[in-house]
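Let me begin by handing over the structure; questions about it come next.
Every chain is named by a letter (A, B, C, D, E and F) in the order it is written, and numbering of its residues begins at 1.
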Amino acid sequence: MNKPFDLLALGEVLLRLSPSGNERLMRGETFQKQVGGAELNVVSGVSLLGLRTGIISKIPDSDIGTFVKNRIRFCGVSDDYLVYDRDHNARLGIYYYENGAHPRKPRIVYDRMYTSVNKIDCSEFDSRLFDSARCFHTSGITLALSPQARKTAVEMMKRFKEQGALISFDVNFRSNLWSGEEARACIEKILPYVDVFFCSEDTARLTFHKEGDLKDIMKSFTLEYPISVVASTQRIVHSPRKHTFGSVLYSAKSNSFYVEEPYRNIEVVDRIGSGDAYISGVLYGLLSSPGDCRAALEYGNATGAVKNTVPGDLPSSDLKEIQSIIQAHKSTGPQLEMSR
Amino acid sequence: MNKPFDLLALGEVLLRLSPSGNERLMRGETFQKQVGGAELNVVSGVSLLGLRTGIISKIPDSDIGTFVKNRIRFCGVSDDYLVYDRDHNARLGIYYYENGAHPRKPRIVYDRMYTSVNKIDCSEFDSRLFDSARCFHTSGITLALSPQARKTAVEMMKRFKEQGALISFDVNFRSNLWSGEEARACIEKILPYVDVFFCSEDTARLTFHKEGDLKDIMKSFTLEYPISVVASTQRIVHSPRKHTFGSVLYSAKSNSFYVEEPYRNIEVVDRIGSGDAYISGVLYGLLSSPGDCRAALEYGNATGAVKNTVPGDLPSSDLKEIQSIIQAHKSTGPQLEMSR
Amino acid sequence: MNKPFDLLALGEVLLRLSPSGNERLMRGETFQKQVGGAELNVVSGVSLLGLRTGIISKIPDSDIGTFVKNRIRFCGVSDDYLVYDRDHNARLGIYYYENGAHPRKPRIVYDRMYTSVNKIDCSEFDSRLFDSARCFHTSGITLALSPQARKTAVEMMKRFKEQGALISFDVNFRSNLWSGEEARACIEKILPYVDVFFCSEDTARLTFHKEGDLKDIMKSFTLEYPISVVASTQRIVHSPRKHTFGSVLYSAKSNSFYVEEPYRNIEVVDRIGSGDAYISGVLYGLLSSPGDCRAALEYGNATGAVKNTVPGDLPSSDLKEIQSIIQAHKSTGPQLEMSR
Amino acid sequence: MNKPFDLLALGEVLLRLSPSGNERLMRGETFQKQVGGAELNVVSGVSLLGLRTGIISKIPDSDIGTFVKNRIRFCGVSDDYLVYDRDHNARLGIYYYENGAHPRKPRIVYDRMYTSVNKIDCSEFDSRLFDSARCFHTSGITLALSPQARKTAVEMMKRFKEQGALISFDVNFRSNLWSGEEARACIEKILPYVDVFFCSEDTARLTFHKEGDLKDIMKSFTLEYPISVVASTQRIVHSPRKHTFGSVLYSAKSNSFYVEEPYRNIEVVDRIGSGDAYISGVLYGLLSSPGDCRAALEYGNATGAVKNTVPGDLPSSDLKEIQSIIQAHKSTGPQLEMSR
Amino acid sequence: MNKPFDLLALGEVLLRLSPSGNERLMRGETFQKQVGGAELNVVSGVSLLGLRTGIISKIPDSDIGTFVKNRIRFCGVSDDYLVYDRDHNARLGIYYYENGAHPRKPRIVYDRMYTSVNKIDCSEFDSRLFDSARCFHTSGITLALSPQARKTAVEMMKRFKEQGALISFDVNFRSNLWSGEEARACIEKILPYVDVFFCSEDTARLTFHKEGDLKDIMKSFTLEYPISVVASTQRIVHSPRKHTFGSVLYSAKSNSFYVEEPYRNIEVVDRIGSGDAYISGVLYGLLSSPGDCRAALEYGNATGAVKNTVPGDLPSSDLKEIQSIIQAHKSTGPQLEMSR
Amino acid sequence: MNKPFDLLALGEVLLRLSPSGNERLMRGETFQKQVGGAELNVVSGVSLLGLRTGIISKIPDSDIGTFVKNRIRFCGVSDDYLVYDRDHNARLGIYYYENGAHPRKPRIVYDRMYTSVNKIDCSEFDSRLFDSARCFHTSGITLALSPQARKTAVEMMKRFKEQGALISFDVNFRSNLWSGEEARACIEKILPYVDVFFCSEDTARLTFHKEGDLKDIMKSFTLEYPISVVASTQRIVHSPRKHTFGSVLYSAKSNSFYVEEPYRNIEVVDRIGSGDAYISGVLYGLLSSPGDCRAALEYGNATGAVKNTVPGDLPSSDLKEIQSIIQAHKSTGPQLEMSR
């Protein structure tokens, strides 16, 4: 188990551009310039919690690519497995994000077609890559990006699996990238390789045509496939600025469900990436305390809940902060108002 | 009905200066530089929804006047009927606005005396103006600005009316501009020309000495004057950051009242101009679907409610956004959290 | 009573550096540059309400010291009793502050050791200082800073007392500066000089080992020491952005307790300094209407509550604003939504 | 000559993103959000000088497209001939720009492939378009974008020409879009339609293989093609912040060359778009005072020179400002230091 | 000579609004919010150099007035003689300022009519005012504002003179406020009261019809009136960003002219207020070292030159900085690159 | 030579706080928040050029320490040898920097006493540290910080030397940290270990009492000590915004001096760190092409010159940029105006 990385993830890295505060995309004169992407969000969260992580992706060999690379390092994620696209048509995906305020919902505009990551290929990496991590993570977004991205993702899952890595997969269904039917067909082919499976109740019902209550559904995945852990977040959106966030986690091995009180009345600053942050908490738990599903659940819920309170896709909480949030969440006595 | 504009409005355009966030007027080192004014807010809202509008006003022939003109065009409103004041004492009205947070209320400081709009005169416009719009709108603020502004406003109402335009009028009573008695005396003289009448319950009671319940009051205006539609907003200010907003609309023709569930728990970013935005929704409804008072009510409530969530006086929602807000407001099922 | 100052306070003045909005200390590229400090906050609040105040402190003779001096004057506080440290190791204390959002708490990082104020000595001031104010205020923070700061504070309390000044003291216990035991031992020695005593219920119990209900506790201080007024704030932290704030005030002379409805659902922008602002309201009341403890309570609660709604340590409300907030707080009828 | 527009131009509109001041693309956390594009720059300059202009282009039907549309209107350019791309792969071109400071040159990173404008087709416009303007302008950039863009541009030149419009063309050679050989072959085919031809000396030599001195070269184009006016800018780049700017203009009809003293020691703030601004000045001169080539030269040089002093692609000078700059440039006496 | 103030000045205080950097008034979304005014600039410069000063003016009793008052205190100037206008038409003058860059000149737009200062009257001040300062300063701008302002200014000059104050007067001719003829007629009436007279060569020639060389002109004023010191700045505007600044000072008592090498190649950030800063240096010299005209010249030149390098109207240099600038200016040896 | 790092450096890392643009330390409401320090500047420059580097330092275990760590990673420097100070008095050094504009010089205020780095000790590092780099660099600043810092620096030089590392040392004399005499005595003791020696002509004369011309002086160091390369920068400060920068480099082995035309008329944005950037260029040259002193000189001059044009201490140029700057510097033909 003496591998250089605890976690590697494959996915697209995007430039995120947002007006500040409550300004709108169609007005205003500045953008906040940030970096995000479902899998990057996951690894950067795990890295903040103290494990060694890296991102596998392909970005343009340009000043914008360099900015992305620097940001990735800023959050403690290794850039060893970034490959650079030197074609004259190299491009980085962009998304534009605007905050909401009830009754106005947040808005996202994507400009992520034709991007360099769609050309990523296993042949661009030394074969030692596949033996360099204890866990490999990717999501349905990567599968949906393009046939080439899908091919590479599937091959990576297999090759990491062969080298003994835990395979983590988040369905993260996006109807603007593919249809539910396409998603189901593709994902069912890769589920035999998956160890840790993240899937929301809605997606399970709509995409995988699952029926019954949530617990039945979660368990059913482990009956059909050799999945060890299934996790499903539960978010209530009271308004764009107030959410409740919790989750259910199921361990096939112990045939147990894990739940706790959700985090209520979260003061949402930026909801984007909070699902990914949840995954980072769960994976941190599973990788740092193998088998301790309760810890995984608590880390996941806390990391997901607190991400909502900071701007940008990327988490910003280290282990000390997450532990104090968990402690406050579980405490029933008087609480300190501030961290001095 | 083949006129070049759907709606023209007469009113003062002001420069608005606000500290950002929760900073105060008496401190800080920057101002947000915006443009507003009750009637401009109305036409810009209608323009965003897809109709052709213009503003009738008089502004200084200076760089600041040019800024105002550019902003007006930015929001899709025609500047064809802006006239320029080249006098050396030409000035643009200014108002300073500061956000509130409970228990601190929002604050406004006005610097709108001696401004160019107070010299506006019908003789400054080609007589074809009065035949160029399906609807003419102005408010009690314009009547209150100065005798000359009042004279021009009244003359315009008459001349537009002669050319077959619908006349829309918003009482918008401001006690710092005139007394209730002055307001009542003046407005009663123009009500015979008004088709669509906007008046809050408080103003109806305090200024027009109306009694009875709101519905009685609204109807009474149509009995005294040839008004076809009366609309009255209903706002509950829970705190500077949380409002509830709805309205009642009465059609004299069908002798019907129109109401719907108000928008509750609005996450208020900037309340200024939301009443004007409401008017823009109602007028859009009446002009795009003549006679459909229910549509007018729904457009009005949605446009008014959502304006509270964006900074500045001016609305920012196009028809697609307003329709999706109406749909979400009326829906009882699960809702998408974001517009992707 | 014809002294040049109504209130002088001794304490450390700090540079406060905060990321804007919800950005975090460990990220971001700018800081808001502000000035604060428990005693400065108190005098600047009293100055805004209309009395003549000054701060007694020692700051570096550098551009940063000049910035601090200018800010102090900006808020109407006299810099006559600032002394300048020209040593090459002169330094100004700094603290870093980050806003919270539930479930993430606000965070403070201090860098206030070795600062110039720790060298402050009575010998640096003309002896007329002690006869120049109707009231002298300091806090437990000053006592805790260093032996030299404590010695100076104690000496000042005695000398101001000798010259007939009212002595005001706020326990303001900070466990990162000293232990509860140290605090108790030290403060018990100075209580014989104190006229107005500010102490929270928690501190009374934990540090002074008081028992019983809050009223018993408050009264007990006046039985042990010649204290005339004891005040204790009561804050409920619903979340970093929503607090309830009120207080209890006890007058030994009339043996009466004063309370009123707390301010509920305060929309918190920046909680720092609101306790100090409370003290400024109470002292304003006691100094402007001697003996009117109800006025002191109402000024204190209003000034403390409203401080939560503005950024920075320092209050920003003048007398007119505080009076309108008190009036609105006590009113049961309809309220104006805005101060126009 | 009673056409609704004085000038229409076909070209790509791009979102421009720049760090502020001297910050670099690969660092920093904000972007200035601006709009530009060679042909838009030209028409917006002409519009500011007082003529009626519009832009012909295709942009995505998204919030970012709406932002672009609003900005276009802000600068007084008509959006009547913008068509909207509703395909799911619709995208707007982007370019990133970074200021230089000697010895560091300005940098541009383009992300303009696969954009909506590449699908633009004459069939998307009503045929009345081609009779609606006195002058049509486009550039070599539009020809180079894609075969479809080229086809449309060539067809538009022919159809506008048929309807009596003056045809203006700027070579604007960009080696990152096509080779010199491609450019020459393509442009030689359209030169028979061109009336006003903008070409730098370098491009004439390198791309069109012209030889001799600049005047010979300029004249030679009019001998080979029925071009009436040839204009060629002359810029000396002393450093990224100091340029000298002038031009030579040749009229075939009068067989005369027009020159004046160049603008020296220009304090460059943002060089981008200054060549386009030059064209706007020349076209304004030719359209407002047909045949007055000296006026065209003076307007061109002044408009081009002053553009260097404002941030962003787009010009910002109205006729009054340009005339005062021309007057100051030609004056030899003492000058006012400021425009008060 | 034991008066509470060294210098008091009468003049209008304005709010200054400027776009940042090279942005233009007619575009952009923010303003820098600053305070200025010729006489305020003078007293704030003298205050920074270490003397006790105050401003005599009338401002609105509003949040904007409070901002102005706070800023005045920030720069160490007393607000004891500010009077507050509580009329509902009270207004503060505003000016808008835009930086230039060659060949684009800086621009100013004024909005300073109908302002509160125009109502200022001697009766609003306690008569002890006139005995409270060693020197009284005002300028031709104050004389030009309105008949009432002029009456008050003239009366104040006489009454301060009666109480033994030195009278300082700066012509500061502004053709947008009055004609040269009006100015001459008015100023000639007050020159009998003036001790220190500031007048540029251009104004002396154009307004006072002086002839001969500058020295003849300066001397001639002292022959006609009992003026002791005449000072005249000499500025060469190479471009909006590069000036040369110096002056000539004449002492009637010693019949001597004082000059020194001008400051060359000043890197101009903001030229506004540099002439006022010059006056502050001269007055500081004359008040701190009476009779030492060389010191006055050197302080004046240094203070005026360095003001050009900071944003805003107000100076920012203390005595230590001015002295080090004078020393560096006079030094011929190697210089330190930085103040560490 | 197969060591994990090409270069490691020991030194203090500071938080740098600067007002933006030309604002002054004593005014304004924001600070730019940056990170710097002589040795960090060097390693980050080398890292950008493509070698593997790390910084050896001690910083507080706080959010501010975490910010510093993240920034270090952002610029590609390893944080493997950062140690964290968990004492309650841990502090990070700060310096405040203000830009200059002629005749106002840049200003620095230091607050770097009592900082964590002063406690750094070799025992805090695994002994493998000393075998992990091809080159070790430190400066006279580190020697001057405190006795403990000096002891650690000297010990590290010796232990790295023992393990075969090249030792690089920059005198970087700062008179506010120690006297010239102290510096000379201390540095003479470590020169026997130094291979690459950076010393300015001024320091050589004033501190080491060297005489003769620069070349004699540089050579003399290599005669007294086993130094292989001596480098000396030559900067002419025309004004705070215009410098000329070049250097002389001497190789003892070949007994040759290397010079080239200096970079003239550098448009200085921020001079801080340009000397450190020069060192990074020289070290890059020596480490990537051992023995090629001409390359080292050219890399050094280009890297130093271009650093002046970017804000902050840290370099921002990668190898491609430096090579294109060198090429442009050496070229005599026409140059591209921009990097597209």
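We adopt the following convention: contacts are C-beta pairs under 8 Å (C-beta built on N, C-alpha and C of every residue); 3 or more make two chains touch, one makes a residue touch a chain.
Heads up on the chains, UniProt names are A, B, C, D, E, F = Sugar kinase.
Just so we're clear, the structure is a prediction, and the values are computed from it rather than from any experiment.
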item: Any chain in contact with chain A (Sugar kinase) as well as chain F (Sugar kinase); value: B, C, D, E
item: Farthest chain relative to chain F (Sugar kinase) (centres taken as mean CA coordinates); value: B
item: Between A-C and A-E, the pair joined by more C-beta contacts; value: A-C
item: Centroid distance [mean C-alpha coordinates] between chain F (Sugar kinase) and chain B (Sugar kinase), Å; value: 62
item: Whole-Å gap separating chain C (Sugar kinase) and chain E (Sugar kinase), where each centre is the average of the chain's CA atoms; value: 40
item: Distance from chain D (Sugar kinase) to chain A (Sugar kinase) - Cα centre to Cα centre, in angstrom; value: 45
item: Residues of chain F (Sugar kinase) engaged with two or more neighbouring chains; value: 21, 24, 26-29, 66, 70, 107, 176
item: Contact footprint of chain A (Sugar kinase) on chain F (Sugar kinase) as seen in their complex; value: 66, 70-71, 73-76, 318
item: Chain C (Sugar kinase) partner contacts - residues on chain B (Sugar kinase) that touch it in the complex; value: 21-24, 26-27, 100-108, 110, 174, 176, 235, 237, 239-241, 271
item: Chain F (Sugar kinase)-touching residues of chain B (Sugar kinase), taken from the complex the two chains share; value: 28-29
item: In the complex with chain E (Sugar kinase), residue positions of chain D (Sugar kinase) that touch it; value: 20-21, 263, 265-270, 302, 305-306, 309-311, 316-317, 321, 324-325, 328-329, 335-340
item: Chain A (Sugar kinase) - residues contacting chain D (Sugar kinase), complex; value: 17, 24-34, 62-64, 66-67, 70, 88-89, 91-92, 94, 96, 98, 107, 109, 111, 113-114, 176
